[in-house]
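Lettered A, B, C and D in written order, each chain numbered from 1.
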């Protein structure tokens, strides 16, 4: 993504108010920052404003600190929260897995081939199975088994590792564990989960088998932020795959895995390219 | 669809048994019927066999009656049910509507332009609103108001009209009424319904508003046969449409209507082209 | 499209220069215009800047004239060209057709059902065939036959009619005539054409038959502005449809017509919603 | 793909004649082979018949040799050519590459994760660059440099390697060399190539840059069999990706690579699952 590496990305949000766009773009003009692309959206229901700008500085003395100090004053009256992402930025993404490797595989592949500009400092699992895959890519792998009794300690260890490796984002790549409310809170807005989402929605065990019983003609997946409602956090993106009568339940699982990994990849890409904003229980996504 | 008009269509189903294909294709060969296309599927779970063949007779003395009489003997040992559809066949489709016209409009348009090779002998509604549209196309329109008290009589009148006009198929093009169990039974397998099917599934009133609250990134629609479980009959086909944060609840409704009418059209087309088979609570669809 | 009817749309373009965004958004803030959505793009190759804003005035004394007068002064140093579109705006679209009705049908349908917020003041054809369809919709239909000898006069008459009916846009809905260079110049940037565009590209007569010979697995269509290179003007949007071995050449034609009408509809919608900008031989399209 | 591993696949083709289906299905019935799925197609233009059957034997004494010997007699009067593929079959696929690794990477990934049930006995390149990737997967890599003078010898060496490793299929995964007519003949129908196919088609150098100049809104790829017309052999499948004004030429290249690798994967999968038949300059593909 040449643009990502050449441009700075500015993102901001605040309550809706006249002048929110102006305060940003006027500052950009005043400080010699050339705007290549803007997306802004003002949600008339939540009363929240969101903006994403790709720009390149024309002033050689430009620094991130300088930008932030100068802009702070202008942002204040609007209660605006903003963030600046330098060209070449690589988010540090910790990955949690269980035994299924289709999502992990896909993230590692896209990481290796440059489709995802991220670093993966650590992979954590409650099973040892995927250790060889991690080692093959030279990534530390922690096997932290979990039982109902040890769940609090195991989760605490995970959080310590996330901290130790300075992860900016946690990806639950089919981690298959129900996180405790404490864990959910700790990861609120900082973790992306993927789950199946079939038409019509099936809850409980063996969702693809339930879907097959109903004769669905599509299977889908939803990538969303973790919040205290594990499978119902704010949706980032969704994917769908058509199936037909010749697909048995196990084929639906296989098709479902295909769409799960693509959907998770898209969500991670949008996130690290700073295209996603939380908007209450929903998100704003300036996709491309 | 040139093939539809030039070829005969043979469809059949029966319990799985070795020789099911052979008994059909041998008969075709013996009786000089040239096969242009076959699709068959044997469901290893339900133990049912399904086949659809497009063929043209090479024997000038070919008649439908002759075919049926001769084949009956061979089909018997297999308990095979079959049907023969002549080239140029036009199903008689009765349409039930309420006040929304997007699905009706679409069916009329595709009927008029030849995309749907059907006749529409009658349109029935519980409201008078769409009468002008029906008259414009020269199609009889019956306004049968409904109240909780008159529901049995109204449904009986609908069935009488379906009978009077010899409808082969009933399409509920957003009819918006919950059919009584008796009505469902009367229409079992002979009526197609369309309803929204969002990700994740939302039940109850204002489904698109519920979906908007959840920030879905896709809306969908499901076309299915009516059975005694109104919105859960065997699925024929499903459609999906991506949406984003800039779509408010009313935009989701609009996008949803788009995908509803396309999905309903596809289901009707598959049905009248004899591509759909009931398979318990599921369907087999040899789409193209 | 509720947003279209509730918001004003501001579009502008000018050579790339620092401050192009600022001059617009500062003016919006200064004059009390609330911005609901922005898309901007700065083409680093052509050195051109493009912006589209949806906004609603908060000042009760807002008028179009007032806006334009006040903004003119600010726009001048940037050489900025802009346009303001009021809520509820309906472009006047003249349609040119020949004998094929699939594109015309589709535009009339979407016009009638409100999917396209346009007026269609006139339909012009070199054949009488589609007159009944036009009359059915209460739209004046002009039959202007054409021969090699009468071409200049016929084209002059078309231009007169476009002028008489104050058309903002001309749509060549499968008009099937090669326009003269003079006609192309007269319509430059004000007319949208649709043509097939197959993979790989086929020139000359019977393109779908050529495509069938090659066994293509997709057929497509391209909607573009007319310029002096009839089938090669700036592309607005393109559509594609998969096909398979069971589609004979005449089926490709039929599938192609499907994608032609959808693609043309999308192009017209983008145009009348002010989402398209000419950018030399290319376009910028802020689609949604 | 469970079905592939559990079922035998029978494929056959011959000139169109009444009884082509019957001779196959009667034999299946007579010899106790249970048919799970049939696709047949009779091309009324080329006058060729094609059939693909998935079946499982019910007779414990079933052998491939026994099947072939018994069927030979019946096939003879029809001039039918057939092939039998056992459950668990893994095609031996030799891959030719140059310096670009996106297609190779993808094939290796899908091979490793079981999405492609193939063996890759050898990778051959005119450059040394991708050797580490091959070694990483434990696959022999041959670096055979090429100059205009050494082309005949280099191609001869490639053919020897293909022979040595008993490759059933050769995949040109962006090999970037124009094969000699002799080489094309040697690989006729046994090699799959991938190339870009843009809308409209662009020939010559830097096709994506040409496409960008035209402002295309889609880029595509075509996978086809090699014949003596390198980039114009029988098409197996095509893929397409939408792009917009914000994609510069180098972005089109990147998007194009995405669709190239998916399209090539699909073509290889169809081929090794015995879904593709040559039909003169076209193909019949029973996709799923």
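Basically, a contact is a pair of C-beta atoms (placed from the backbone, for glycine too) under 8 Å apart; a residue touches a chain by one contact, two chains touch by 3 or more.
In UniProt terms the chains read A, B, C, D = Formyltetrahydrofolate deformylase.
Treat the numbers as computed from the prediction; the structure is a model and nothing was measured.
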| field | Co-neighbours of chain B and chain A - touch as defined | value | C, D
| Out of curiosity, which chains are bumping into both chain B and chain D? | A, C
| field | Most distant chain from chain C, judged by the mean position of its C-alpha atoms | value | D
| Euclidean distance of C-alpha centroids - chain A vs chain D, Å | 36
| field | chain C-chain D separation of Cα centroids, rounded to whole Å | value | 41
| For chain C, residues that touch 2 or more chains besides their own | 37, 41, 44, 244, 246, 248
| said: So with touch defined the way it is at the top, what topology do the chains form here? Options are line, ring, star, complete, other. | reply: complete
| said: List the residues on chain A that touch chain C in their complex, please. | reply: 18-23, 25-26, 28-30, 32-42, 44, 51, 58
| said: Please output the residues of chain B touching chain A within their complex, sorted ascending. | reply: 41, 43-45, 197, 199-201, 213-218, 220, 222, 232, 234-238, 240, 242, 244-246, 248, 279, 281-285, 287
| note | Touching chain B in the complex, chain C uses residues 1-3, 37, 101-102, 105, 109, 113, 244, 246, 248, 250-251, 254, 288
